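Okay, got some structures for you below.
The two complexes that follow have chain A in common; it is paired with chain B in the first and with chain C in the second.
Coming up: the complex of A and B.
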């Protein structure tokens, strides 16, 4: 646990917030705390407290299990999407950074085209092509997070490939698989992990935005964005419908960003800092 | 001959097609290196020393002229040269992969070469570490736990583990303290006496070159201005520039 001892209080609190959020969600979902998220069990728009800890929505569904399901959906979608991004961006970035040449140019130009689209416009475009739903949300997150990550991985790969130990390996006659697995990836893993945390927070925001616009997760399934969207109709009469998932969204994004900053300080050498 | 460079030129082009700029990194460089000989290559920064080393190692194809290693042109597939040539490079802090233990670093050329069992590799690695003056416990350490001189010793061990007939030392001692430099230079001399490899010893430090080299070549602006046996060179340098270098010693 040397990493934990080296981390400052901000990084630690970010990690703790994130862990608590995930733990509560997993426990809440697995043990079905608060009952069935889709069952209409109570009065409509009941305020928090008593039998329904976070109140009920416009159909009389208890908000607590819906919140558990919502956090679960959002985190799961974003995490899967970011893992896909990480794999693709690493392949593209290393190809562009290590091999360079025309392959690198093609990758860079493609990525720049993607980069030039405004986030939410790109997401709506994807939803229009794929059709609204979880697939559209995941595809959007991947397409939105891949440009930055590819560029950062490429920049890091360029730096690492110029180091003497890579040259030595080439002189020794090592093939590209060995150089990739033994030299490049271990020295890029820090950069990839740091970019992954940032991509995760972007992913959560994209899910929220897309579901809020109605192109993301479809009812009756809940997600943080979907909960906020459904609750926004009753903002004045039942503000808790928006406030609770809103706060969770903010906490999740903040915690991930703060943790990502700490991870960067710990993993990335100082001279690479300007790349981020 | 281990290495023959014949009238080698290397040109770097830059800029857009309508305003091409050309930099001549090497112009008509001819050098030969016999088995077991150490050729010192001196010259100021930007004189083309490192470009020469990349050509000698087959990492860069010359724009003009020919480069022969052991009498043959460099093969297309790098693997064919595995174990035949090695290099000790400039930066002690980046010469070793920070995520690999020293033992694995030194073993790499052997593993790439193949044909040895795991036990043989371990044995050879420990033996080679011993020959560069590091005990077996170093094999388990990571590069950040080593000093600059120790890292350069590890680099030398990695270069010699396959007993190559040709080694390039590219500014191998320049980043080290003077006392450590002397140790490493002595080590290079001792190891050469033991394994009789040929070496291209590149340095801007003419004192270091004088200490290890059998012959000296001086480069300036991409050209070799003088090549002579060490004794002759340091006694009666012919070229004006060589004379300045020797006088500054």
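Coming up: the complex of A and C.
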């Protein structure tokens, strides 16, 4: 509660938006509001209103349950991918920052190679190798978000590992697992959390972009990107197919970024950030 | 303050939506000539550059030898250069091509009288030797179309302008089989003396010659002087751009950078409705979608005919036609709906059985809760067809995971290995101009391309041969129904619905000739007549 009180209104708004999105999706999915997202229940391209609150798509499927499914898919895929990224980036960043030397150089060169690929080109490459679908989407998000997070974690690890308490621990004979668990990770957790939120918003956009190009989730499963892709053909004749998932995508990314900013301000005040 | 604004935006969307809902297309071409969607205005001066856009360039797959061309998109391109003895007119009638007439003295004998003044694009006159040599090359070659030509026993030159073909047994679709590009008359003299490599360059009697080709990017054809049809072709140059994305082709049509484009989205008439200067024609084709169930699939998923029959029973062809094809397709059996004598798909065994029977068959085969992968093109409207199939099968407890692939990857997956390793796949066949022709592909020993995923069925082969050989009449109708029933029961390749062809063109820039029906996937059949209004 203290954190909530200390947070500014923008951070609170972001958190509320995210919570509402997640809640609405969970409730809509669990209680089957709007029916089966894959069932062809209505006329093709029916406008919003009446029986179909958000209209129907080109196969006569109600857009409301498809939107619930789409939000869920996008958030879940992005979250899982970002968690994987966080674990890998932390391992690589700490290894590079704490041990340095050739290991640090190898890790840095590796992430620089990944960083040199344009985001969407890398995602398409992954989809071509793995095959289109959820696995390709998650692999893409991980590979796209890992370089930035690794570099930031490494930079923070370098700073923390030079602190006196770490030096004292080394002199007193503490092993690397103890140093890692007791000293490094607790002091890096704020950085990882903040970077995690940014990676999440990037992940959502990558999922959207990949699905928009047809390499993401496969039909009939929906995601925000897939919904926008399917609706883009009908932008002028059935705009509800694009506008609603488009707005949700914008709100989700904006809310995560705003929340991430607040989290950074709370966990890494400016004076602390300057040390990193 | 922000929430009400968002609500306002959503409300505005709803209002906008209701305004634009259910548009009625008024951009369909209207022709008063029966059998045509549009007829070119001959009063318009010849000349100009025609810009077209197509979905795919299959040239790399089989090379440029027309006898090896096995997909409709290749036939379409090659038809600008190559011509056949006979051609198909509106309503699938067989019309003169390079043969100006023919006699049929007996059910097994055809005598073709060649047209005067026909030359190849190198200036050499076409002779009966070219016709005889083309037949012999086709029959001796590896092209899949030799299966369709039928039991040709002897081809002989009667004189310089007359060729006689003798069949070993009656073969009803013989003329229709000659109306497709793989049966084109080739420059045999040049092929034999090695002055032309037909697999790398095109040399035909058609209205155009190839000027340049960049694989998967573009083709450029130029008008050929000395073409046998007076005053044709009308256009000086034909540029064909390969544009895989539907939206890109639509945009090209809208901004005028293309005069004519092939469209896949069944809502294209509505989407382009109101776009000034555009028209969208819908050809009723005999092409049809079909579902392949791999009898060699890993785990033996489909080697039990009861499983395949259950899947066939669960297919709701009307739902596929209405939902995925916007009502533009028609349920069909293996004899394509719309062709004379084709069977009624409502009368085949699977159409008379209910979903309970399908579930029972699955139980008996021990295949309840079956799950399989369905490979489908990513080109519209195939993904939509795949999704309706998925919904159909969900009703009997079968889970289908759809895998969308580009056409190249799809072909590699389906035809790349023998025995094939995919589970199921969705594709379409051109339905041609005779109801029994496409049925020949259900005999893998003759078709060849499906030997990796289809087991021969003796009963089915008998039905195919009978339908092919029986002359038109009530007996043939019975034979065609028996063929439909046999294919339906075999259920290794399950016919679904006919596939409409949508053609968008600039009505303010182009006056095209478009047939209302088509059997060989050749939208450009009338291209020699196209007139450019503004160039």
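One rule holds in what follows: the second predicted complex is superposed on the first by the 269 of 276 C-alpha atoms of A that agree within 3 Å, B and C clash if a C-alpha of one lies under 4 Å from a C-alpha of the other, contacts with A are read in each partner's own complex, and residues count from 1 in each chain.
Everything that follows uses one rule, which is that contacts are C-beta pairs under 8 Å (C-beta built on N, C-alpha and C of every residue); 3 or more make two chains touch, one makes a residue touch a chain.
The structure displayed is predicted, hence computed values, not measured ones.
Partners chain B and chain C fit side by side in the overlay (superposition on chain A).
By the touch criterion stated above, A:247 is placed in contact with chain C alone, chain B being left untouched.
Of the two partner chains placed by the overlay, neither chain B nor chain C lies in contact with A:265. Among chain B and chain C, the chain that touches a larger number of residues in chain A is C. Residue contacts after overlaying the shared chain place A:214 against chain C, while chain B stays out of touching range. Vertex at chain A: the C-alpha centres of chain B and chain C lie 150° apart in angle, rounded to steps of 10.
In the superposition on chain A, contact is made by A:182 with chain B only, not with chain C. By the document's definition of touching, of the two partners only chain B reaches A:171; chain C does not. Here's the short version: in the overlay, chain B gets within 39 Å of chain C at its closest Cα pair. Per the touch definition, chain A reaches chain C in the complex via residues 38-40, 44-49, 55, 58-60, 131-133, 214, 218-220, 232-234, 236-240, 243-244, 247. The touching residues of chain C, counted against chain A in their complex, run 6, 9-10, 13-14, 16-18, 20-23, 246-247, 250, 265, 267, 270-271, 273, 319, 323-324, 326, 378, 383-384, 386-388, 390-391, 394, 401-405.
Across the complex, chain A is touched by residues 57, 59, 78-83, 85-87, 89-91, 94-100, 105, 108-109, 112-113, 155, 158-159, 162 of chain B.
Contacts from chain A toward chain B in the complex involve residues 163-165, 167-175, 178, 182-183, 186-187.
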